[in-house]
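Note sheet for the following structure.
Chain IDs A, B, C and D follow the sequence of writing; residue 1 opens each chain.
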């Protein structure tokens, strides 16, 4: 339900608390973008639920005035799924770290993609476990060593974009915490998308990750900004005919190729998108009432069940 | 022996039709106005391993099995003799030794068992050619016998023979067969009828006019009673309570309940979601509860162990629920996936690290399973805690005759809900310190109720907080709810002292052992002067320590009876009251107590005058 | 360590137990192939450890004479990792169901790919949860309904091949339980591969899955065998230059495309392979002793630690 | 007051240099032959929230902190005054009120605190310009001051001032600074020295010749003692025990141990694997244990909850280990991630569904932490069970002065290993029924020892088995190991009755509360005629019920003391002995007991003659 007067980012501000992130942390950028995006989407604070995992990133709901659940490490998608299915009128945002989502949460990451419940998932990808003092996260590449690691990583990084494609995510994007305008746009797009929308957000952690720094993304060493907008180069990740397997495969292949683009140029924007039935659509196909009504409005305690009892007589 | 007092067994390899034959026959008995109790034992296997049902009938309510078998209906030789002793895998001894003298065994002629080689001469052997009987029934209807299509009806042969033995009309069986067959297979009904009749005739031919020692007496003037398994009763109770969201991950013996509910999704306002594991099941349910719906999940031990972290999370964030039905099976670890136990009490009492309030309640029979499931939702909402309903495989898979589930009229309590003024000056406090210990919950979507809460220790407003005073306040608030529950939940729901206040022996129990205890007490009290009562404790957390202590202290003699190794309720009683119950009847075979076993334990405890004892043993 | 006289499949046979799988179950084919492959590989029974998950498939170690661990549902890869790292001289085979591996085990599936420990993983992919009576497994496609399901699946299938690629598996193959010769060959190849080797094995479950039947794979409805060998069509999934990112991307794209080939033609064989350092290589790079010695031969209880104590003085 | 009896506090925002300053100063004290104990309190936060160390020094061993602060070294104003009361997030009251009259506060002049506005006039305020002192020290070395590079040395200013207060030579601090700096930064050593000296001088200028009420007395003739934290002691013990495989998933306060071990991988035969979660950590360790190596993992409550299923799996398959070190923190759920508790005992005793044997042992101090970790590996191998070592944040993060860890000479026991004849007729039985209850284990790779084992119930040969008799045998075998452990493990390892056999008061405790209890008893016994002893129970599963009952029954007065809400050891004692301890001192603030708090609890229990009490309070 949209509110009468359009909300502004200020409506989502919290005044009696302040983030305890380190100075220069990319999480500030993501927090700001979330507030802006919610305002642009025109949702009232009480119609939004932000669900988070555990980590520096997981503290975000404490700093935005909406309903918020700061859950368990790696379980943000489970909880978000329950919230959204219980009340489809809520705008549900899931947020969490890369360790939270691609490490301990990898199984839920995969299976949530398959389910395609209509919510948005923002991953703060900083390459490290921030809150536990800088161990390698699953996106840390083999051979890399940030200052908090005693030695270089001997295992490979996961490819979140590829993983998302093969798990069935219907909206897959990459953002950058320091590119506010673009990030706000992506989040709005993701919220507008029907189904589970993933944004992998590159997020500098100046305290522990001395490789993926703002300077790195800015390309100080190579003389040009590393990040670039896919849209600017005519890349179109959207599947226009979801029944066309060839188009699907081609778009997935293109997104997969882009997911390996790193080093001198790092693509940003929507890598893949497709319109497929949501879990809610599946539920409604069984019981049309659920097309519009939330579970919370449907079930009544103390209902008469004698017809069910009678079947056992 | 009272009329209709019978113990039948139907056994064979999994997948051979033991289940439908048993379900059909038990329902036919129930429709005939007879009280029925059934128990099933099966391996963790899809096809081939031994499975058997015990169907007990009586002209009064019965809720447990007896050790003896009056009629053994066998679909293979293994049912009679057991497995090859040279195999080091899934062995058993068969059921021949369980058949009472004078009892009957029905077996397929093709396995080659004869009266001569059976190994017992005090039972009646009805060796019938199952396939031939089916064939002739098929051909009677002008059809050509086709093994692939028609062999499934072979399981009707022993049923027909059983009808002959018990003088039970096969036409009482046929309507059930018809109800079970889908529309497109209704043409098989008359053929099934012929199979039953041919088998009846073949058996009758062998039996002659001599008859069998026991018959089944229909009482058609009875109101139609339910014959229902625990997993169905609990499923119905969830719908009654208005549960809108059920998650599950397949696991024996819990998933039957979810599968039952799944099939009702088109007609009832519930979503049943098969999750990717139990961690997901639990946390989805917690999310849904926070979002304001009544949410539930069901599982067995291995799954509940994975739900552990969700229990702590739900509790510290004061979620209204979810209700977790834990169907205990044989542990530890994967253990005995399809067998019974009461091994998970200790774990359910403290299912995760740290200290937090939650409720653990154990229903004693199928009606209580339904009713306490309903109440569990009230408690979840009222106290904002997760609630564990401790059921087990015995409750889940046994069938019981009941008049109704007793759900109608049970109260509905959604607890304190915040509907405060949007423009109020004070911001809403999700974990407000109140005298009742409970903070009214705002349902997400309510204007002005925006709150955050967290699995970290938090302030009244749900913000992360490590301050000492706040910590004490919030710990006291949460843990204090346990005391409030004990004050508010009626004592009659917390425990029951069944039987007379004074008795020679007090059996202390929890959960489904109530069923055989009830039957055994009735038996022993009928057969002797001994008086026995039963303290059945339903509420295990919080624990009604004072009331229990009082009852235990005034008892003459105590017997702890549990389906586990350690005597877990005994440990809990000692922990909370300091009373250590010395005498214990503990069973950890993965099989439930029979009425006989409990009766024997009672007799072991209470010395009887010689004469009475002798009479009882002879019975 | 290979034995003096080469073992035969019979050496791996168990005589005092027999499988309790249903008649016609594809698991029999996989069991036979495992025994044949172990014989071909020339390993003595005591040098092999078969680790399994929980499910019909999980019972396999009971039917093969080697060391065997029948573990927990979804944890087979964790246990196999511990076994192999403890004793690198063992031939370690992990086996389990599709529910076990891609459902409850998905998080470990993903993270094991990254780790690349040197063992072989066989997934019995039958589209259902066999042992719990036929619920949809993660490979069941949206809209499909096998006879044990009350209604069609409303969520999407996972793509195991794609998932494996993005998780970093270094050997990814597809087999078919009823194609014995080919399956034996694949298993041998997988064991020979250095690193974690995955074979997704299509396995008919005649009791619960009435869609993926032997007849289906045989193509009775379409008049030709659906399965075909990738190798027969010149497909080469092997990355020949592991330092060439372009080749890697191209090979991954090709494998991804093949993973969607279903319906009339279903590809079998090695979809993707690359030589990358194993976890053991990483360990040895820190401590050369581990290049050849197993952990089990290195650590001694009761060793003198006074040099460590002294650092705190 | 005895010489060197001091309580210092260093506090400031996380990331501002509180840790290095504290670690440097405590080590300098230790090197000077003084006994040191330190405790640290910090938020679950990386930069900004308040963190503080308490450094206690004495001329005799001390293992706890006292409530008073003699010298407060502050890196910000919040350390003194606490947080803004209008913030609903992570608040605290500061430490001004803890400073003893006559004590000193060192603070950065730039925060603007003066003697006038401090709020107390009974303490000495040393307000020093931290940055200016650093600047002048830098410039003294002919360098240009660069805030980015040099500001980190500001934390040496309060240390220098502290040296002045305590009459402690700054040259005792410098070598420690040098040792901590990497090779490439050794050029900073002399600058640090100058900072210390300038600060010393500045403080001295304020203090004048008056001096401070207490000094630190070096005892340079002492043998060099260790100053070691619990996580380091446990890491060393693992190497001593021959642990070859350690898994972990990062979590406070456990991962410090793994990070410590990680850095030793090049030099010691161990692989430390950072897994994707605790489920993986645990099950990898179980796999490695089965494969024959000594394996371990370390975690805190939330992680241990995820290891639950692996505990049952290891136990039913009779794996030799692994050893799981559980560093307790404040629960439930995410709780208080960086705070102390003893909240996980109940959960550790029954960490998963079903009934299975395992060992839970709780060391009482840093030496015991090392020694019982070593013994845990023996027990795992000998009894083929997983072993939980219950440590906590207090043990993990506190530093203790010890002569050595006492590991040398501890026995090594790998338990019964099967090395049978390849050609033996009888196949090897992994779960053979033996009189000792333990079946010799074949190490995979051993010819002829091929076995399978399973998380399902199984035969002696490890095959899935649901038979009743086999079930009883295997349950008896496994659970019976608990009795054998009690018989075989020396009583002196199971528990200790510290102090005289007869005492006015017996404090019943487990785990790290031993540390403040020891110090408090010494204090109270010095100050009064009261005698106090301490029953410290180390072995919690299996539980030495008979011995404990005997001790409790003959005690004059009992006090249960625990760092949790429910009095979990009290519940365990009641459960196993029937004795309910009425008097309890329970703390659940997330902070460990101080010596003073325990002493106060003792005095609350034991009435003292008026005069003595007055004297004690005045002390």
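To be clear about the criterion, contacts are C-beta pairs under 8 Å (C-beta built on N, C-alpha and C of every residue); 3 or more make two chains touch, one makes a residue touch a chain.
Keep in mind that this is a model prediction, so the values were computed, not measured.
Using the average of C-alpha coordinates as each chain's centre, D ends up farthest from subunit C.
Between the interfaces A-B and A-D, more contacting C-beta pairs are found at A-B. Subunit A and subunit B have centres, each the mean of its CA atoms, that are 42 Å apart. Distance between chain centres (mean CA atoms), subunit B to subunit C: 38 Å.
Chain geometry summary: the mean Cα position of subunit A and that of subunit C are 31 Å apart. The multi-chain contact residues of subunit C, meaning those touching 2 or more other chains, are 16-17, 54, 62, 72, 103-104, 106-108, 110-111, 138, 151, 283, 286.
Residue numbers of subunit B whose C-beta contacts span two or more other chains: 43-44, 88-90, 265, 276-277, 302, 309, 313, 317, 333-334, 454-456, 463-464.
Only residues 16-18, 20-23, 54, 56, 62, 72-74, 103-104, 106, 129-133, 135-136, 138, 150-151, 207 of subunit A touch subunit D when the two sit together in their complex.
Considering their complex, residues 16-17, 44-47, 49, 51, 54, 59, 61-62, 65-72, 75, 78-87, 89-90, 107-108, 110-111, 283, 286-287, 289-290, 295-296, 298-306, 308-309, 312-313 of subunit A touch subunit B.
Note for the complex: subunit B touches subunit C at residues 15, 43-49, 86-90, 249-252, 255, 259, 262-263, 265, 274, 276-277, 302, 333-334. Against subunit A, the residues of subunit C that register as touching in their complex are 102-111, 113-116, 138, 142, 151, 154-163, 165-168, 245, 248-249, 252-253, 256-257, 260, 276-277, 279, 281-283, 285-286.
Those residues of subunit B that touch subunit A in the shared complex are 224-228, 232, 236, 239-245, 247, 264-266, 269-271, 273, 275-277, 279-280, 282-295, 309-310, 313, 317, 377, 404-405, 407-408, 410, 412, 414, 427, 443-456, 462-464.
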